[in-house]
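To keep things simple, chains are lettered A, B, C, D, E and F as they appear, and every chain counts its residues starting from 1.
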């Protein structure tokens, strides 16, 4: 059993496995995306308050959700990597980070693109906005730390530790920021201004979220393969592999 | 007693050594020799548990050193390339505090005695900053007069020492071994140390 | 289907800029990420090939 | 084991005493930062006292971080960190000793200095009191959390800024509760809720941070 | 001689840019620091824009301090400072090279990021312009003055540390004029007076600081 | 040629040495010997102008070294206890840049050749951080293959070097002296270097 696990957790065997999985996830992602986009633009009705602007929700919310989910998954892999000292899981954590950062960035930008017409301001210090911004900082910290350590083993373990410390803090931060926001009633605007969640809208958002999920998996697998190639450059299996490909 | 089985060390993408076997018993002395960069320091750091072996494992009294770390570390005295001195503390303070925080029972007087033994009592109250290269090294080495540790791991202890101090240190090593201690050391000079059993491990890159 | 015409669709009830910018940016990020990863893996393979040969 | 703990504490305090300038730098930084804003804003007491809690807390936070970046750097460079890792005592405990020393040297003075600056911002007395208490409760958390960052960025290029990037987001709750407490008492509300949350933060980090720091040190020394 | 100057500059830049992430780190550092204040003070745009000048100048100062205190420390510890003293070129010039490198890495990013933070703080455009100019004029002075302190703190002798403390206050005028300039333009007044004073500070320190620094280095190395 | 008259060195309250006379001509080699802390490094630093002599003065080509500093420094190559390497630069960058900023005309290739000469070309592109003690020392010493300086002042150049490298360095020293260079060095090992004229200065505390 455990042998089996280690067999698949060794880069050499995981590399081709990942290669096989990528296309399927890509396919799923596109399928969900098409369905989701169809609902969000063709089916979902115009919102009587916000007009068409609300359609941003179909990228904004899934992106926001993903930004959080990915961070947690990342921390999970990191913990596994620290516990079992398994190279693969550390690599997975490292592979997820950039995608998570991108989604966070998207949540921020689409959010403020929504905010401009709704509130008339690109940015307000609202609780959720602020905590999303902080989440972006957490991602960037993780990436920067790993980027600035050259010894891969140390980079893995340092990053993993940071991710763990991060997840412990995320809820505290989120809570404190919400609280801070309620203290300053003055300017806080509630996103409740957003339309009622009609069933179709919820479906649309869910489909888009699923699309993002599948996309994330595919991309993470692609990145982890790159990392393996770069890390194990001098190992035999990479050499054989690279001799195999023509270019 | 110290046993290491099938140690391998990978630095960056270079395999420094593999299948290194060590068995060291009471009174045993081991030289680790090799050219610059052959991996001597790395091996010593590995034996201390500072560096995780790529393969293989290390046992102290039949138990993995990670498992009975407390027992192992209280028997271990390691002095590396770095002297671990604070420029702003005097020689005496440096010695006293490093010994204390290593868990040895020492008094100011004992520390002073150690400095005297290695012949730098005159510098006892000088800040480490102003000491000469060799004097710094000797302050670090003075800890060997204070520990009750069974296992000494010394990385080029003789570097930068003058002839007199070299022989003083050699004598101390001999004494330690005679009392059933063990020592592992690297060096590029050859120095005569008398021990019941002397082994030599040669690393070649 | 509540779009009178394609132009209405693109006009997005006056919010064209915000809506299309959001979706467009998302698409851009996705495409960029995928392409850059392609490049990266090809580069990695090329390098290790050189290593393997030389 | 207690002996070793005390020794580490004593050694760091002694070192700090010998290198007073570093400590002074921290305090001075705190002074500059907190006295800079009145210049930018002008003397209206109303505005000043409204920003006082935030400014003071951010200043304290930055000052603490500024001094923390080098918590382990010197020990790492001169090899005494290796020695610390090789002592039979639990590294976690020794870390607490180092952090305590740092707090006594860099945290406490800030706490003591804060009221003076509070006066400059026309803070009422009870708010001043709350300010001191909140700093007393909060700054330990800052030192403890900062230690993790310091350990993680050991011997990493550009470690100062990198550490800021890692640690500042984690400081945010402390900042919010701390500044919130003062603000609350300014508006005549009770600050107890804030203060107890602050205490909770400090306790939590007292339990978890040393563990994380010890692990980080082991990773960094390899 | 030019060759050596360029080499020192290139070496320090290379050291700073050795990791591409460094510059990015500097930029994000400012983002974070500037996001701390709203969390401490509260989100009211009016208040925020009134403290914006202070926030930016503090960020600049902090970035300087985080890196500058170590400007020579590393060179001193690893012996390359000795080597620098033994080059046939004038030490004063080499010092300028080092300071320039430092400013490019730590000063310039502030200037570049300033507008973005300004937006977050709802600064009017003309104030933004003044802000950038003031930073351009002022940050070199911060680096130059900091260099003296950095050289003095190397001081083998206690007096050096004390001197370093005397250097710190030199920051104050720069900060006052800098923040003052922006504040003035916010209140619709002309900022020229402040700006010219700022320029004067920079010029003065450009002439004097390198000399002082070189002298301090010679003493410290003995 | 280098002349020093009546040098005295006071450190703190200790007079390390006084009335030290030195006269070194083209092709001359001088050993400075003495136990740890006897003042060897201090003397060398004094000769470089890093340390003010308490008494006495130092002349290069008949002129006080302070007066024709530019000329003196461009002829001087000093390598002290510290290697002066930047952890984050590669061995090659370190060597290249230190030589450049010392005012020597060097190219990357020349620098690489120097590293090859001392036998660490394999580490050329490793950051200095990861180099072993001896490798670091050798990167620092590689500058001796790049300078045109007449006068070399070396503080324990052989410390931490393995046997092979010691002889390589000795050979290079002999060559330098044969070409009319001069060298002053301290050491605790005895190494054979062939020179027309060899003097020994013994400091005793």
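The rule we apply is simple: contacts are C-beta pairs under 8 Å (C-beta built on N, C-alpha and C of every residue); 3 or more make two chains touch, one makes a residue touch a chain.
Bear in mind the structure is a predicted one, so any value in this text is a computation, not a measurement.
Would you pick out the chains that touch chain C and also touch chain D?
Joint contacts, listed by label: A.
Mind listing the chains that sit against chain A and also against chain C?
none
Between chain F and chain B, is it the same set of residue numbers doing the touching on each side, over half shared, or a different set?
Same residues, largely: of all residue numbers at this interface, over half are found in both copies.
Nearest 5 degrees, what's the C-alpha rotation angle taking chain D to chain E?
175
With contacts counted as C-beta pairs, which pair of chains has the highest total?
Counting C-beta pairs in contact per chain pair, the top pair is D-E.
List the centre-to-centre spacing of chain B and chain C in whole Å, with centres computed as mean CA coordinates.
So the centre of chain B lies 58 Å away from the centre of chain C.
What's the distance between the Cα centroids of chain B and chain D, rounded to whole Å?
37
What whole-number Å value describes the gap between the mean CA coordinates of chain C and chain E?
Computed value for the inter-centroid distance: 40 Å.
Among the residues of chain F, pick out those that touch two or more other chains and give their numbers.
81, 87-88
So which stretches of chain D touch two or more other chains?
19, 157-158, 162, 165, 168-169, 172, 176, 183, 222, in rising order.
Two or more other chains touching the same residue: where does that happen in chain A?
Each of 134, 137, 140, 144, 148, 151, 177, 180, 183, 233-234 in chain A touches at least two other chains.
For chain A, which residues count as touching chain D in their complex?
Where chain A meets chain D, its residues are 134, 137-138, 140-141, 144-145, 148-149, 151, 153-154, 157-158, 161-162, 164-166, 168-169, 172-173, 175-177, 179-180, 183.
Show me the residue ranges of chain F that touch chain B in the complex, using the header's touch definition.
The touching residues are 11-12, 34-37, 40-41, 81, 120, 123, 126, 130-135, 137-138, 156, 159-165, 188-189.
Which stretch or stretches of chain A touch chain C in the complex?
Contact set of chain A toward chain C: 41-42, 45-46, 51-53, 55-56, 59-60, 63, 98-99, 102, 105-106, 109-110, 113-114, 116-117, 215, 219, 222-223, 225-226, 229-230, 233-234, 238-243, 245, 247.
Going by the contact rule set out above, which residues of chain A touch chain B in the complex?
That would be residues 151, 233-234 of chain A.
Which stretch or stretches of chain D touch chain E in the complex?
Answer in residue numbers: 19-21, 24-25, 28-29, 32-33, 36-37, 39-42, 47, 50-51, 53-55, 57-58, 61-62, 66, 69, 77, 157-158, 160-162, 164-165, 168-169, 171-172, 175-176, 179, 183.
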